[in-house]
Amino acid sequence: MNHILLIDCPDRKGLIFTITQIVFGANLNITSNDEFVDRQRNHFFLRAELAGEVQPPHLVAQLQAVLPPEAHIRLVPERKKDIVVLVTKEHHCIGDLLLRHEYGDLNANLLAVVGNYAELETLVARFNIPFHFITHEGKTREAHDAEMAQAIQAYNPEYVVLAKYMRVLNPQFVEQFPNRIINIHHSFLPAFIGANPYKQAFERGVKIIGATAHFVNNELDEGPIIAQNVIQVNHAQSARDMAQAGRDVEKIVLAQALKLVFSEKVFVNNNKTIIF
Amino acid sequence: MNHILLIDCPDRKGLIFTITQIVFGANLNITSNDEFVDRQRNHFFLRAELAGEVQPPHLVAQLQAVLPPEAHIRLVPERKKDIVVLVTKEHHCIGDLLLRHEYGDLNANLLAVVGNYAELETLVARFNIPFHFITHEGKTREAHDAEMAQAIQAYNPEYVVLAKYMRVLNPQFVEQFPNRIINIHHSFLPAFIGANPYKQAFERGVKIIGATAHFVNNELDEGPIIAQNVIQVNHAQSARDMAQAGRDVEKIVLAQALKLVFSEKVFVNNNKTIIF
Amino acid sequence: MNHILLIDCPDRKGLIFTITQIVFGANLNITSNDEFVDRQRNHFFLRAELAGEVQPPHLVAQLQAVLPPEAHIRLVPERKKDIVVLVTKEHHCIGDLLLRHEYGDLNANLLAVVGNYAELETLVARFNIPFHFITHEGKTREAHDAEMAQAIQAYNPEYVVLAKYMRVLNPQFVEQFPNRIINIHHSFLPAFIGANPYKQAFERGVKIIGATAHFVNNELDEGPIIAQNVIQVNHAQSARDMAQAGRDVEKIVLAQALKLVFSEKVFVNNNKTIIF
Amino acid sequence: MNHILLIDCPDRKGLIFTITQIVFGANLNITSNDEFVDRQRNHFFLRAELAGEVQPPHLVAQLQAVLPPEAHIRLVPERKKDIVVLVTKEHHCIGDLLLRHEYGDLNANLLAVVGNYAELETLVARFNIPFHFITHEGKTREAHDAEMAQAIQAYNPEYVVLAKYMRVLNPQFVEQFPNRIINIHHSFLPAFIGANPYKQAFERGVKIIGATAHFVNNELDEGPIIAQNVIQVNHAQSARDMAQAGRDVEKIVLAQALKLVFSEKVFVNNNKTIIF
């Protein structure tokens, strides 16, 4: 099984040589290799795909011995990620994910869908994926989020995907999944932060609208951006027309972001991403 | 000479019939026709290109007689607009406009360039266009803007184009040219309003940057948007790289917006535009 | 119920006046209106949305009385179209159409899916749409096409959609549905006509790939183009990677084209389309 | 002065280690590094930016000693390229290049412009660049091309840029500049190869047009593609309108391609390019 080696550490001369020496010594072949140095932070990032008989703990130990002590070293097998998806009422993103999952295009095991409304239960059931309906009605945000978290944690997912989950998650929830929650926001962030971005876009009279997939942190719509895309609109389109046109962008951008994250091609570097 | 008929008025049934009846009665041919109704305001907009022997005052009077009294009716000959361009130090937009003007692609007579720095005088002189250097140093904004306005008004331009003029214009200046000042802003508005948008974009870690051409009113970067476009960027690009990449978008978007405005294809509808 | 009026005829002065006079006389309101004149053919095209008490046969007769005898006049109610979809093995386009149909986003009644393979039967059944498996094995093209046509005609559809139906249809089939068969081709036509366009694109080393939705006529991949879109690719992508990346473009372009056709926004003008 | 190291050779295990070992031993810092392996050809490509005291002949000799004998090793200083530009009558590409050159944005020394018509002499003279008018009238293609080549070779350029040079160059000319002639073709190749691509695009009724920058070899419009881009068009645009709209794409795509080539970011790999 192929492995992906992910390293980030303070930059210094000779890092690529140091790392590839260990890899070559372990008789492994690097089939793909990417590096980036953030010159502002003087920080080095490397992603390498390794073919051959990888012995993970041994290889990581060898790398730790020669790299700076602050180095983060991850060696992950190339395999599907376990995910849980959160939804509210809109079908387009979850529908697209269900289809991709069904046909092996998602690079993930979609373990369950959790919704704060019951609307999407039928759709999810058609693809034989468990659906959990956890209403927020009559509950505090904290109580509801805790109930959601419990349902999610039962599946022990590597990532939580917000496929048009239309509620803000509280800090206790977010902290359980650091850089492991991915959201699709229906605007070209940082334009139109917050509620009703299509209405805001219509009222401002923009000629282009977009969507943004990002990791969720505790600042609303402020997490590291993974992918963005846009389409042109015009004066003849209502806010509702823009929302409809935006759906296709949303589902495609979310799928692109998930593909990148699930392939271990995304480093979070402070509040930004590095995409290899 | 062909004419363009521009009408906006409260909507009511039969407006197209009413208008085309007059046009047909005047023995004119409509070679192109566009209408739009803003359903929120219940307001009608029409742009028609007329071929034939147009008698402007007579035709407008005939239309006034049959249209609602609030109707705005304009009948303009198809000809180049007179413009003055304002610049600071950056060459890419003014350079592009000078080339288009030289080869008849701008649909305008570029009467003069006014700069608050002298840097671009040589470039402008190469194309035999008058350049006025009016420094802002040692002057209040009001005094400088008044001096600029005086220099501009001497040319009696129909439009003032801000081709990377990097100063805010005061209300007295703006009011002299209502919906006749066109600016290119170096971001995808409303993202990154204000100073240093490329630095803001870099720091936010966006994956797409853009440019926005808009009419100038007294709210900074809030005027009606005419045209926008974007390009993809990535983590490896510095704020400076983004600025460089953005220049091509800026010059193309500005030229697109000017082409639309100078062809009388843009209605301002409250704080938005209708583009036919 | 609103109606859409579609007229094309040889151009002459006063056509808009002539038409809107009849419409106004019938006490109808034009809520949207588009015209185009093909100057090469000197041919006029109009699409108007009419609100009010439309009396179709009477209105068409009135229009016929005043328009040139060659005029094509259609007056269609604003309602969903009846369609049948043809597939082979690929799931992405039919999956997307099934989701849109399920949630009322397709502006069509998807009556049945017909496949020359059985692979997609399960998916289609999940959405409770009839699936007809009609193998081409052991049959001549003519015999197979005739069998397909018979199955399709039983539903009396207004449009036949080829959602990655990977066989050429013979002229007898095509002639049964003139300008009523819509295909999605997996290249940016006219580049890479014929088989394996992604392989062709990979071998040519293009930097952009695309998809084309078009009406089917009897010249392979030569019918009138309705919609096209593209995405960027690079040297690191194999033909297979390009095919995977292209799927999202294919499904979005097909959906865009269907939305335009089903809203009666597409005129076929010789071998080209006019899109209002 | 920084240097760029460019290596391509048959792939084998440990190449990155082998190369970085030499670089590290020479006390150089790799500030940017890209690799690619063409799996079909089993061929390895590397581009590295080196900071430090580079001793070119010594470093290359060290690398040759450890790399496969078929390896191509180039070590080039980071500096502007010397170029000559060929033109016919159209101004938009050469105008854009002159502006970029004037302001140091082209990463090249534009030594001279050679035209087979005299139209652009005035424009070029405004930027104080030598212009050579070499008419093709009354000459065989071979004689004209030989005269052009002689004028060009006098400047000893590293690259020849065809900025809308509208004549086919004969093989003797092309062979003098292998992978060193860059052309901008006014279509989205391989669509609309040959003459009048905008007319072809208009007649086919495409919804998107484009431009392609490519190296020139002896098959017309078949050389390795460097960059492509597109814009949307519609039924209302004539072939002439499309040509006008296409000009902006042409000039931007050509500039993008030149930036890539002049930064040594382009490998030619058989008839395709690898862009780092």
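Think of it as A, B, C and D in the order they're written, each chain with its own count starting at 1.
Throughout what follows, a contact is a pair of C-beta atoms (placed from the backbone, for glycine too) under 8 Å apart; a residue touches a chain by one contact, two chains touch by 3 or more.
In this text the structure is predicted, and so the values were computed from the model without any measurement.
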item: Set of chains whose contacts include both chain C and chain A; value: B, D
item: Of A-B and A-D, whichever chain pair has more C-beta contact pairs; value: A-B
item: Distance from the mean Cα position of chain B to that of chain A, given in whole angstrom; value: 40
item: Chain centre separation (chain A, chain D; CA means) in Å; value: 37
item: Residues within chain B bordering two or more other chains; value: none
item: Chain A - residues contacting chain B, complex; value: 36, 39, 188-192, 204-208, 210, 224-230, 234-236, 238, 269, 271-275
item: List of chain C residues in touch with chain A within their complex; value: 91-92, 95-96, 99, 102-103, 105, 123, 126-127, 244, 248, 252, 255
item: Of all residues in chain C, those that touch chain B in their complex; value: 13-14, 16-17, 20-21, 23-24, 27, 29-35, 37
